[in-house]
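Note that chain A is present in both complexes that follow, paired respectively with chain B and with chain C.
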Partner chain A sequence: MAELRALVAVKRVIDFAVKIRVKPDKTGVVTDGVKHSMNPFCEIAVEEAVRLKEKKLVKEVIAVSCGPAQCQETIRTALAMGADRGIHVEVPAAEADCLGPLQVARVLAKLAAKEKVDLLLLGKQAIDDDCNQTGQMTAGLLDWPQGTFASQVTLEGDKLKVEREIDGGLETLRLKLPAVVTADLRLNEPRYATLPNIMTWQSWGGGCRRGRRRSSSPVNSGCPCAESQEEEDRGDQGRRPGCGPDLQALCG
Partner chain B sequence: MASPWKTASVPGLQLGLGCGFWICRSYRLLFRAGAMGPHVVPRQLVWLSRWQAVCARGASVQHRTRAGVSRIPSLLSPGGALGVSPLVRRSSSSTPPGAPEVVLTQQRYPVTRLPFSAVSAEDLAAFERILPGGVVTDPEVLEASNVDWLRTVRGCSKVLLRPRTSQEVARILRYCHERNLAVNPQGGNTGMVGGSVPVFDEIILSTTLMNRVISFHSVSGTLVCQAGCVLEELSRYVEERGFVMPLDLGAKGSCHIGGNVATNAGGLRFLRYGSLHGTVLGLEVVLADGTVLDCLTSLRKDNTGYDLKQLFIGSEGTLGVITAVSIQCPPKPRAVNVAFLESPFYVLVETSGSRAGHDAEKLSDFLEQALSSGLVTDGTVATDQTRLKALWALRERISEALSRDGYVYKYDLSLPTERLYDLVSDLRARLGSQAKHVVGYGHLGDGNLHLNVTSEAFSPSLLADLEPYVYEWTARQRGSVSAEHGLGFKKRGVLSYSKPPEALRLMQQLKALLDPKGILNPYKTLPAQA
Partner chain C sequence: MAAVFSRSCRVLKSVSRFDWRSQHTKAALQHEPKLGFNFELTEQQKEFQATARKFAREEIIPVAAEYDKSGEYPVPLIKRAWELGLMNTHIPESCGGLGLGIFDACLITEELAYGCTGVQTAIEANSLGQMPLLIAGNDQQQKKYLGRLTEEPLMCAYCVTEPVAGSDVAGIKTKAERKGDEYIINGQKMWITNGGKANWYFLLARSDPDPKTPANRAFTGFIVEADTPGVQIGRKELNMGQRCSDTRGIVFEDVRVPKENVLIGEGAGFKIAMGAFDKTRPPVAAGAVGLAQRALDEATKYALERKTFGKLLVEIYEGTAQIQRLIIAREHIGRYKN
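And now, the complex of A and B:
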C-alpha cells in the first residue's frame, strides 16, 4: 500500500545473560571473549520493521549499525530476521569507545536523510549504557516527530499512530511521516531467524555479493572525536559536524 | 569403561556433539492442548505456549518450588522473560489445586506387604536419639514424600528421617536391620518409575539435609559431595569454577546426585560425556546392616580388586544407600551452540567446544550441507543465551507438558536407531481413538526413545493394549525396556524382556548377599520372588 522505507538501527552489546565483570584497572568492563549479541530492544525494533513489511506497509527495511567489524554479525542477524539491506558504519575499535548517543544520532540523521527513509526505528535504550537518548537526539537533529517507548505502531492513512508507554499509563500519538519510533518491551516478540535466512546472509559483509540485492557499504563517517575521513560517495563534505566543545571534553 | 568424553561422528561433523535428540511432529499437538496458537510450525519460530506468552507480556512468572508457588517479577529485557521460566522445578510438594487424589499403590496394584516390622513408639524414640530434630511424622509433610512426581503411586509411610551425615545413616540402618524395618531411600523424588516412594509403610530415608560439597579440585575438576546435593546447585557450583557437571536432566532443579547415581541417570549430556559408570570415580555407601563402605576415592585409575562402586551405580537403592559421591567434571566449554532443526522431526543439537569461531564455522558448514541436501527443511540457531535456554526449554519441558495433558503412560526404550520411531506409528494405529496423544521423543544420539501415551484418565483397557505389546515389540528388536529410567516399582516385572534368566538369577544372589533381610527399598527393581 504505502511505499514507505524504514531504517532500523541496531547495536551490538554484551549479551543480556552474561555476567558482567569489571576490568582489573577499573577503566571499564571486560569485553574480550565475552559473548555479544543484538540489543534486545533493537531486536524488537527489527521485528516491528519486518512485520510492517509483511503487512505491506513498508517497502524496504534497511538495518544499520555503527561500530567495529564485529557489528557485521549483528547486521547479519537483522538481515536473517527479514531486513532487505544492511549498512555498516565502520568505526575502528579504538575510537568505538567514544561513540556515544550523540555521535550515533548524527550518523543516523545523515543516513536517514541520504537514504530518504520515512521511518527510523530504534530500540528505546541499550542494555549496556541504558542511555535512552539516541532516538530522541536523532529526531531532534532531523526535526522529525518522535514516538518513543512504543508499544504499538500502526499506519492510519498517511499518519503513524503510536501508542506509547509512559509513567501515567498509555499515550496515543499521531505522527506525520517521516518520524522516529523507539521500541519498548511490549511492542512485539522478536522472531527466531530461520536457518535458510541465516545461511543466505552468513557471508554478508566485506563486500561480498550473493543472492538478493544488498549493499555492503561501510560508510566511513569517522568518529567526530577523531580525524575526518573521506567518504567514497559523499563528495560534498569531508568532515562530519564535530562534537561540541563540551562533548569533546567528555570524549577526550 | 567408556571414556567420559566421546565424540560422535556424524557425516561431516566431527565435533563432540553435545546431544542430539528429536521430537516427533505430534509434539505440536501437545501444545494445541494448552497453547494459544493453533499449531507450532516453526517457520518463524515465534513459539509461545500460554504460560510463556503470559511471561513475555510482563506478567509475573510462576515457579513451583518446594515451598509452594512463588512469584518472580518479569525482567526488563524481553529475552529475559522468555528465559526465566524454562528450568523445571519438579517439586514433590506441588499439588495442583483440585488435582485428583492419588490412589494408594497397594490398592491399585496387586502387591502384598512382606512381613517387616511396623514402626512403633520405641522405634520413633530411637530415631529421635540418633537424629535429634530429623524425625518427621507430620502427615502433611509426609504426603509429598509418599507420592511420586508423576502422581501415579502412593505409599503410606508414617516416618520420614532426615540424616545429616553418613554416620547417622549408618546408625539408622543398623537399627532398622536389627528391628527388621523396611527402608525407602529418597532423593529428589523425581523418578519416573515409582522407585522413590514407599509401597506400604517403609521408612523414608531422605538425603535432603546431606547437601554439603565436601571438596572440589580446581585443576582436575573432581567434585566430592554428599548424596543430597541438588544437581542444579552442583552445576552452579562447578560452573563458577570453570567446569560443568557431566550430566544434565530436566529434573535438575530437584533431583539429588545420590539419586542420579543410584538410578544411573542418563540425561541430555549422555552423548557427550558418557554414563555415570564412567564419570563417577568413587562412592561412599552404607550397606543394609549399617556398615559404611568407604570407596570414596578421587583417583582416575584404580585397578585394585573388583570395582564395587559399579554394583551400586544403577542399583536403585536396593543394594545400599549412597551417602557421598566423587565425580569427574569436564571443563566448561567456552563455545556452546544450539540449533533447532526441522526435518520432518524436530531435532535439537548442541555443540560444545573451546573456540567460538572454529565451532561456529563447523556448525555452519554442517547446517549448510544439511539444508542444501534437503535433510533439514527449516530451523534456527540460538544467537544468545536467552534464546539458547528457550530452545532447550522446548525439549526439557516436554515431560511437564505431557503431565498436563491427562494421565500419562511412560515408556523409556532403547531401540536400534533405524527403527526408533516405528513403534510410535505402530501404536497410533493400534490404539486409535483410545489414546489422546501418542508421542515419541528422546535422545536420538543414544538410541533412546521416550514413548508417551496420554489419555484423559487412567484406563485399564488402554494399559492392557499397551502392555505387554510395547515390551514384546522392544524385545523383538533386542532393545531395552528401560533405557535410563530404571525399573523402580512400575517396571520391576519386565526385566526379563531384556535380560536372560541367568542374569536375573545372579542379580537375585547379589541382592541376597548384600541385603539378606531385604529391607532396602523392597518391592522394587527385581521381580517378586516366586
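And now, the complex of A and C:
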C-alpha cells in the first residue's frame, strides 16, 4: 500500500485576514500589492497528504498549482509543509483572471492521468470565489469516485474510507482507488512551514530544475480562446470578460 | 468635525485588523524600477515572518496572560519555537542551524514579541548567550556547545552583569585565576536571563588582577557548564514585566573551568563581550517594536468597543488623540529601527 502517490492541488488566494477592496472601475477586486497566501482548505488538503505519507500509506506527495508566476510561492509553502515535488502550470497573468473551476479541473484531470496518481486531494472550495466545483468536476472528467467535504480519511485495505460532513450529519463512503477527495475544515490542523524547510525550498521555481515541471502545453501559443465563460454582472464585483485560456489545446 | 471622526474611525477599524500593514487605500501599487536599495523583504523573509506571526498569534497569545500571572517558564512554547526553527537562528549550518543574519532574527523577534515579550526574551537570550561563541569560538567549541542547542531545546545564558557593574562592563569584579590547566572563577553575577534554565553560560571574568591593565587586555571569556560544582543559582527575580522570563543572580564559588573553554585566549574577553552586544541589541529593539504594535492593536480594539458618556472612545476626542499619538510613536520607532 505504500506505493500510492498523491497529487494535491493548491490555490493562491488573497489572505483571509485582508480587507477586500473593490477596484475603482468595478471590474473586480484589488489584488495588486495585497497579501496572498495558500487557500486554507488547500492547506488542510496538503496536511492530510503529508500525514498519509508519514503514516507510510502514500509514497509521494506532489503539489500542483495553476496560475501566474506568483503561484510558485504557494507551491513552495506546500513543499515546506512536506510535499515531495511541485508542479507549476503556468498561466499568463492576463488570462489568469478567466481561470475558472472547469479549466482547472481539465488541467488537473490531465495531470492526474499523466502522473498516474492514486489520490487527488483538494480543498473543498477556495475562499475567493467559493465555487466548490473543482474537485467534483475533476472527478467527473476522470471518471473517478469522489469523497467531498471529507472530515476523516483512512485507508482500509485497498479502499479509501472517507467520512463526509453533509447537511444531515456524517456519511461514510468507501471509495475504490484512484479517487478524488476534497478537504473540509475539520479534517486536520495544518502544520506550520518550519524555517529549515522554508530555507530548503526557497530556491524552487524560477529557473530551478529541481522537482519542477512546466506544463508542456501550448498554453502560451496564442490560440484563440476556445471557451468562453459568461458571468452575470455581480454588481459590486463587476463583469468578468468572457474568455478562457486555450487550455482546450492542452487538454486535447 | 464629525467627518474627521468618522474617517478616523474607519482608519482605526482597518488598523485594528490582523495585517494592518497590508492595507492599501489606493487601487494598485505602482512598481517602477528605480535606482537605489530595495528594502522589500525577500520571499524567504516573508515566509519566515509568516511562520513567526502565525506562531505568535495562535500559540503564544492564548497562553501569554497565564504565564504572566504565574511567572512560570514557558517550556512548551520554547520547545515549539525550537521545533519550528524560530530559535537559534544564528547558529551556522555546520552546527545544524540556519545561519541567518541579524535582520532575519529581528524580523522573527518582532513577530514573537507581538505575542509576549516574556517568551520572546527567553528565546532571544539564547542568541545573546551564543553570540560570543559565534564570533569567537573555535571549531571544537562551536560544534560542542552550539551543536547541543540544535539537537535539543536547551538554553544558554550570557553572564556579564554584576550587582556592582552593568553598563560599566569594565567594572566587573568576578575573578579568574589560572591554576595549571584550569581557571578558578570566583564572583557574583546578577540579572542573568535564563540563569536558572541554562545548560551552559558565557562568562566574562577579570583574569588580570592588576587594576592598571586596560580593559581590552584584562578580561577573559569562558564557557561554563551550568552543572559545574560551585555554580550557585539564586532565586528567580520578580520583574515588573516579562515575568515569565527567568532572571536570576548566580554565584560562582571556586568554579573550575578547563582552559579549552576559554574563548580565543586570555585577555580577549572584553572585545568578545562588546562584539556580542553589537549583534544582539537590534533584536531587543525589534522586540520593543513588536510590543508597541501589540499595544496599539489592543488599544485600538478597545477604543472601538468601549462606550462612555454615551459614545465610543474613538468618538471622544481625547481617546482618538491618544491613539493618534500611539500610531505616530509606532511609526517613528519602526522607521528608526529600519
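Note that in this section the second predicted complex is superposed on the first by the 207 of 252 C-alpha atoms of A that agree within 3 Å, B and C clash if a C-alpha of one lies under 4 Å from a C-alpha of the other, contacts with A are read in each partner's own complex, and residues count from 1 in each chain.
Here is the rule we use: a residue touches a chain if its C-beta (ideal position, glycine included) is under 8 Å from a C-beta of that chain, and two chains touch if they have at least 3 such contacts.
Model, not experiment: these values are computed from the prediction.
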Are chain B and chain C a fit on chain A, or do they clash, once the structures share the same frame? clash
By the touch definition at the top of the document, which applies to A:T77: first (chain B), second (chain C), both, or neither? both
For A:E95, using the defined touch cut-off, is the partner it touches chain B, chain C, both, or neither? Pick first, second, both or neither. neither
Given the touch rule stated above, what does A:R186 touch, chain B (first), chain C (second), both, or neither? first
One more residue to check, A:R21. First (chain B), second (chain C), both or neither? second
Which of chain B and chain C A:V30 touches, first, second, both or neither: second
Touching A:E48, do we find chain B (first), chain C (second), both, or neither? neither
Quick check for you: in the superposed arrangement, does A:I127 touch first (chain B), second (chain C), both or neither? first
According to the stated criteria, A:M38 is in contact with first (chain B), second (chain C), both, or neither; which is it? first
Looking only at the overlay on chain A, choose which of 26-34, 116-124 or 170-178 in chain C hits chain B. 116-124
Both chain B and chain C touch chain A; at which residues? 15, 17-18, 33, 35, 37, 77, 192-196, 198-199, 202
Would you pull the chain C residues touching chain A in the complex into a rising list? 14, 17-19, 22-25, 27-29, 43-44, 47-48, 50-51, 54-55, 83-86, 89, 98
Counting only contacts in the complex, chain A reaches chain B at residues 15-18, 33, 35, 37-38, 40-41, 43-44, 77, 127, 185-186, 189-196, 198-199, 202
Contacts from chain B onto chain A in the complex sit at residues 42-46, 48, 56-58, 76-80, 82-83, 334, 339-341, 364, 367-368, 371, 376, 378-381, 383-387, 389
For chain A, which residues are in contact with chain C within the complex? 15, 17-19, 21, 23-24, 30, 32-35, 37, 73, 76-77, 80, 192-199, 202
